[in-house]
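Notes for the one structure printed next.
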């Protein structure tokens, strides 16, 4: 068999399997005979643990398979046919889901999320983007302005109604909302009866950041629905969806099934999340990624590399000279991000739940 | 019966019925027994006249009922499921169709179309929009950049493919492409195999503008499909769709029917367009709207009103002091456009195929 | 111009324009300046007259353009995403709308509607269909059985939920429900909270039948939404939708627009229905079609023709010997219905609001 | 944690995890760093093995997660917007996918598949269904008749075009097509240019049946696309889609992603199928299910139980007296199938790749 390259990879946080304790439990339960479609005891147990952790005893918890699928299914549940979802222009649902939201009939109404882009203030003039920890985030004031402008328009019945708000935390750029910012966005959502949906594909890496004041309980309180990412945080696959204020549809199962998101052996999801939410495992392994990201960043800065974005989580973005990058690519797999100019490239290096100090050391010797 | 207000109306170009010669022919043919769904001799005759005028003998012509319906149906015919349509951010399909494009599964990929908005060059800094005859238009260079950026992205299979290009001519702001600009956009489309679709809801008013070098033959040559607006130019309703390079689907009838766009008595459309394209009627009545718009504009400028956009067609946009506007609204119906600041309002005044010199005189005495 | 054939046509009830009083009012109001999208006084007036006639003062009335468009829009308003509409296997939405219901995401759940088809009782054995006035109708008992079977299935969350019921009156075969039958269907719908939708594309011809005990007030009381067909009953085009128990969506306008069903010059619809519902015109012209159908049927039976279906309305179905049909087709246009065997054809002959005694006499001389 | 019941389960063939050799390889490869979305060496290796086995070197192979998702995605790839898929009335896509096909815009056009149901011949009169090995199958003659009838209809442009054909093998009732029957269906499909899609969710159990003459090479030759079920045949999850005559869309990845079917860690699928198609594992474990089903059936017949359907695969359907069933349910989990009358129930007992002789013995003592 053709082998994967021997290069060390920091290209993303979904290049490895699962935490060994998950594999162990899969093996232990392999010949139990378990009912399908999420009706099993493992899903129930995992849901209970998550609800307890979130301090949300009345929440409803579902387990779906992957991120785009989860975003599409939840947003379709939240919206009426004439409504769109408000999101950052850089949000995953706006930019990187192959039109999955539009496929289910809804427009993504975008807000600016790159400081300096389209911002003609003295500081930002002429810059494509600025080094910042705000990239990828929306602002409560922009959200309010969008909704107000919509309702102020005499012809708004001929336009797409803002029907829900999507944010990611961490964002696609590794940045984080503060509790105050989340509160402000939540306040606007409540004022206009817009359900707020938080995409937590990398939630653990946000919660364990050293520069956050946002807890999972805060999130459960401030949003209407969020999901706890498993695929990128220690599971083989799976995302745990938490509706904290009630499920917006009478029958979620057929809707989930129509979106291709109902796993026959649903217990595989329950079992994984039950393991991740036992003995603080999810948080512990998330913390590892953060610590490795700090090592990485310190190493980069000590060698004089220029960070592109000020990310407090597991994804780090570096402006590389193309010659230097060409050398690096002989030993390291990385994520291409963008070309800020002819001779430089922004790359992403991601740590994860399983990154080791040795991995960082290996990487450093090539940088 | 409650009456329509006695105020004179310049609020839009679809407030009146049809040219009297259309009503006459409807009466004359009322008891003929005619086959349905566009298979009748009137549709055939109208199609022949349009093909001859366009110098496009191999074109395929369909008659649909209204604008949004036509945009949605054509775009759905042009696109594969994973493709979106590129349009100006101010394009009708992007902004004012209640999500009809997304309803049929497709994203609208937007290009900037307001000079000064997000443009940090010396001239435009800090302005929301600039007085210009470019508002509402896309640029060939922006289009090319969007497509190049898409294909340059390693992950573009996870993004929405640009699959067709939508432009309106005149635009929603009354502005026009030059022949050179159309040629450039067409060239980019050909290079990337993107069908080019021109929304001509107000096509007559564009063709008869005193500041255009674009003919209907140019359009037929440079685009893949366009429509000739009837609703706003002398018909009771109806839009004539012209595919100049072949129909992109094997069976257009069921697709038209699925979009709610197949009129049982299709001859009502054929008859109207047959009348409009007999003895140059469509162009003559379009010319009237242009002449009345010139009278209107001269009157406005002589009274010192500030035009908001430099429109060479039948829609004129004026910056009004709110106090003055309050007086005007007692006598005149106008279109609200936007609020540039707290004490001013931009309004639209539209002339049409039936506007008379007396109408303009009446309006002027209130301004 | 190529002419329509000179043959007299009984092929359908949508081959002529509109009642002359509609054309007259179109001409009279042609240069009024009227607000768009159904916000005008004519729509309001027509709605008031319809509500009064229906004895349904709290009803909501909308005017759409055509039948398939109306069926698709209403059914999409009634259903949740995981629901389908129950209809006769021969219902227009099941059989002749090019998949418009599925295009908007919903399954049509069918009930038997052809006596003898799949019915192994002594009488019907071996017959494809039986001469009957029941063809095209559903039965309350079959509806109840379908819903009961659905809910009795342990796995019904993996199936399509019955979410609304569609019936046509007259049916596509010209047959009619009795008041008792409508009441029984309505009772099942109420029991299971299924909204009942009656397609009245030919409603006038049903109400004026000499063999009906169903009034428009009965319909308004027993169903949740129905429409009064204009296209086939004296209007150029248009269907008046009556929601008698409230509109099921918060914002109908964007939903109507997404379905391509929002006419810019909405007053054209209001004006036509206002005319039809002034001085009993709709009922009077419907009655004419019924009287002409009786003349036709009497003539056919006196000449020994075999009726295929026992239709009490304006559509008559006749079993023709193919040789005889070949002669007829030189003088008369008719609707092909089906081939019951190698040497016979079932044809449809339809009278309408404008059929004259002379038309029937002309037809008879060819039969 | 609440435990799964201790009862032995024959309720379905997806109640257990995966063949141990799959778990072993997951553990072995857990910390390899592997590229996502199916671009990895394991997917390539599995695809090569499958293509070789199928004697189809030019086939294209994709790995998706589950059955409904796979059916929906493939059918949406095969069909144009105005086309529907032809299937048995009992087919999974027609009956048990929560409207997933309609959700993506397509009608399911059904053919009869229950002998005796709607069949008024002497033998079947009055029976709901007959004991038969034909239940769940479509007939080439019925398929041809449906297509011929469609094209013979003058108005077929107003109907749903038959655009592809779906069959399952084994069917939902455990029955199998013969090679001759498959050939005949394939011939009709070729004649009318209809792609033929075979749902092989339980393919192994069909191939290893003692009463089949159909090989996987036959299938690859006779159909346009099929899938090899993993979920029910030894994998944790996953279905291997094989397009034998070319992929019908230019870009499958975004279409798969829009259907929620693109797994980030695609190698998890490749690895499982690579294991199943190494050393004949897939066939060997499928054979086990067949042998256990034979033991089961012999036991049932020796005890005088009445089989409901003559199934030659791993699903067995038994008519149970309700009193007897009530006793059985204290010890055994089974699948409820239907209620043929007031005092009997049809149940399904399914064996699988991991069923043991001891399991059968245990079951037998309760029967």
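We just call them A, B, C and D in the order they show up, numbering each chain from 1.
Keep in mind that, in the parts below, a contact is a pair of C-beta atoms (placed from the backbone, for glycine too) under 8 Å apart; a residue touches a chain by one contact, two chains touch by 3 or more.
Fair warning: this is a prediction, and the values are worked out from it, not measured in the lab.
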{"item": "Result of counting contacting C-beta pairs for B-C and B-D, higher pair", "value": "B-C"}
{"item": "Furthest chain, CA centroid comparison against subunit D", "value": "B"}
{"item": "Distance from subunit D to subunit B - Cα centre to Cα centre, in angstrom", "value": "51"}
{"item": "Whole-Å gap separating subunit C and subunit D, where each centre is the average of the chain's CA atoms", "value": "41"}
{"item": "Centroid distance [mean C-alpha coordinates] between subunit C and subunit B, Å", "value": "35"}
{"item": "Shared interface positions of subunit D, touching two or more other chains", "value": "81-82, 97-99, 103, 105, 157-160, 253-255, 257-258"}
{"item": "Subunit A partner contacts - residues on subunit D that touch it in the complex", "value": "1-4, 8-9, 11-12, 14-18, 20, 23, 26-27, 29-36, 40-42, 44-45, 65-69, 72-73, 97-100, 103, 231-232, 236-237, 253-255, 257-265, 268, 274, 333, 354"}
{"item": "In the complex with subunit D, residue positions of subunit B that touch it", "value": "76, 80-82, 105, 157-161, 249-251, 253-255, 257-258"}
{"item": "Interfacial residue positions of subunit D with respect to subunit C in the complex", "value": "81-82, 84, 95-99, 102-103, 105-108, 117-118, 120, 124-126, 152, 154-155, 157-160, 336, 339"}
